[in-house]
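Have a look at these structures, which come just after this line.
Next come two complexes built around subunit A: one with subunit B, the other with subunit C.
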Partner chain A sequence: MSDYAPLLDALTRLRGIRGAMVVTLGDGLPVAESLMGGLKGTALAAMAATLASRSADLAARGGLGAPRFLHLQSSDGSLLVAPAAPDLVLVAIAGRDVPLGLLRLEMLRMAERMG
Partner chain B sequence: MTEDIRALSAQYAADPSSLIFLRLAEGLRLRGQTDAASKVAVQGLTRYPHLPDAHDLYARILADQQDYANAFDEWDTVLRLVPQHIGAHKGIGFLYYRAGDPDRALYHLRVAAELDPTDRGLRLAVERVAGGGEIWDVPMPEAPLERVARAAPIAEGSDPFAGLDGARDRLLLVDSGGLRLGGGLITPSGRDVSDDASAVLAGTTFEAGRAARMLELGEWTYLTIEGAELSACVLKPTPDTSLLAAMDAGLPAGQLAFLAERAAKTARAWLERVR
Partner chain C sequence: MRAIEPWVVAPLDRFMGESAARLALLMTTSGQVLAQHGFVGALDLMSAAALGSGIVASSSELALQMQWPAFRVMAHQGEHQAHLLTWFETPRGRWIALVVFGGETKVGLVQMYLEQMVDELVAATPPEPLHKKEVLAADFERELNASLRALFGR
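Moving on to the complex of A and B:
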């Protein structure tokens, strides 16, 4: 778990980030996490992995190619997922009005490093 | 008069959700920095897809970049939102004049001139296109047919995305059971994957809604999937339909949600007509 701790801590230092995790894609289990109080790691891991799997299926059937980044935008925040090492995804959850461009870039860089 | 770009940029960086992007993008446009202006305008439109002045601004940037087809679409969007928008009538009038269609140019310029009788330059433009000042004695004609047709491109009920870029190969509308209602999806290599994608699209939107609900993120608005070949934005135009809008990978991510929202608007209008 400690291998990913510095990456997750760096992510959660960005403004408006409520938490970050590394999650297994296949079964949605947390591998490492850095979450603010109130966020349930197991729920976030399961939801992020399920959404990533569904999106990967759509990407495959729709000819999008391998997914690089997912962004679920909602009225009160965003869920962001970047496929990283085989069977792992990097997940972040952000509040409203967060500069997502910077967060996206950081996540893509970290996912590349994890790979 | 140009605005202080540095100050506006700082204000925009401090509060990206504010309307300051309008002044910043306009300032950049006036300085000839149209790429930067375009980026700011598209970011703003992503947050405010129904703001007429944002579409008008983006249209002027596109016109400066000589992307006249997309500028027309933007002004057309403005007129759907605000039929009496002076800037959009001026812009479309200019584009028609440039395209060698003086009748339609004259119509739009006259509408703009009547909405703003104090704009002397506009009156002169009308007279120049009309060939003299006698034009003011001629009654205002009906709206040209083509504009009416563009404003209602789906009257026949056959195509939910008629008139939009990518209507046949980059936009897909499905019902809650995964059956395709319209549009199509073709891969960059030319393979038609419309039905394959349709079959899993509704399931993906269901999962997006469930994730937003379970994670207490509020009501979800869209999901973007950046792929190696194409990027896609998925959303629900209505509670019982799902829509996918795709564009080439590498194009600005912020544009995707904007394009999808525009397609969703068109799809909603189509659904209202055919149901």
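Moving on to the complex of A and C:
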């Protein structure tokens, strides 16, 4: 877990980030997490991994190749998922007023480092 | 799906639908079957209940001997399907859940919906009668037969 802690800390230091996690894609279990109180890591990990794998299926069926980034925009914030090392995804939960471009860049850079 | 107690049906049914698990078995720590979904034979079901409760008992004892906290969840990932064995507390005592699932779902998702089902079961548990009846041999046999009828419809 400690291997990913500095990465998650760097991500959660960005303004408006409520939490970040490294999750196994196959099992939907958290490998490392840094979450604000009130966020339930196991549930988020399970749902984010399901979303990522279903999106990968959808992209494959549409002949789009493997997804590089997922952004689920909701009324009070965003869930962002970046495929990282084989069978791992980097997940971030952001509030409404977050520089999403910067966050996306940062997550892609981290995902590349994890791979 | 079949259950001995009718209030177990709705939470278990929701769990099966949401988790996309293939089989589920709820039992007491002594291996008494409370509800099942997906098992077709009495023998399979009784063996699974006996083995599941045995695994929970032996792993709890192992944890005790090693002075570890008791194992709460055991998951075994097979090539084509996996199973998850866990125990939880209810107002009716400790229950065990055995869930078999395949590649259409994930262990994290099964665990998440299982936690939800446990909350629902705890909330739905009716209060126990104040005066329990004395258990007689004839009652025991009748109740056993009624349980088998409820679980297998025969």
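Just so we're on the same page, the second predicted complex is superposed on the first by the 115 of 115 C-alpha atoms of A that agree within 3 Å, B and C clash if a C-alpha of one lies under 4 Å from a C-alpha of the other, contacts with A are read in each partner's own complex, and residues count from 1 in each chain.
The definition used in the following text is that a residue touches a chain if its C-beta (ideal position, glycine included) is under 8 Å from a C-beta of that chain, and two chains touch if they have at least 3 such contacts.
No experiment lies behind these values; they were computed from the predicted model shown.
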{"item": "Clash or fit, subunit B versus subunit C on superposed subunit A", "value": "fit"}
{"item": "Greater subunit A contact set [subunit C / subunit B]", "value": "B"}
{"item": "Which superposed partner A:29 touches (first subunit B, second subunit C, both, neither)", "value": "second"}
{"item": "Vertex subunit A, arms to subunit B and subunit C (CA centres, degrees, nearest 10)", "value": "120"}
{"item": "Touched partner set for A:43, first subunit B, second subunit C, both or neither", "value": "both"}
{"item": "Minimum Cα separation, subunit C to subunit B, after superposition on A (Å)", "value": "11"}
{"item": "Touching both subunit B and subunit C, residues of subunit A", "value": "43, 47, 50"}
{"item": "Subunit C residues touching subunit A - in the complex, by the definition given at the top", "value": "77, 105-109, 111-112, 115"}
{"item": "Complex contacts: residues of subunit A adjacent to subunit B", "value": "43-44, 47-48, 50-51, 54-55, 57-59, 61-79, 93, 97, 99, 101, 104"}
{"item": "Subunit B - residues contacting subunit A, complex", "value": "16-17, 185-189, 191, 193, 196-197, 199-201, 203-204, 207-208, 210-212, 214-232, 234, 244, 246, 249, 253-254, 257"}
{"item": "Residues of subunit A defined as touching subunit C within the complex", "value": "23-24, 26-30, 42-43, 45-47, 49-50, 53"}
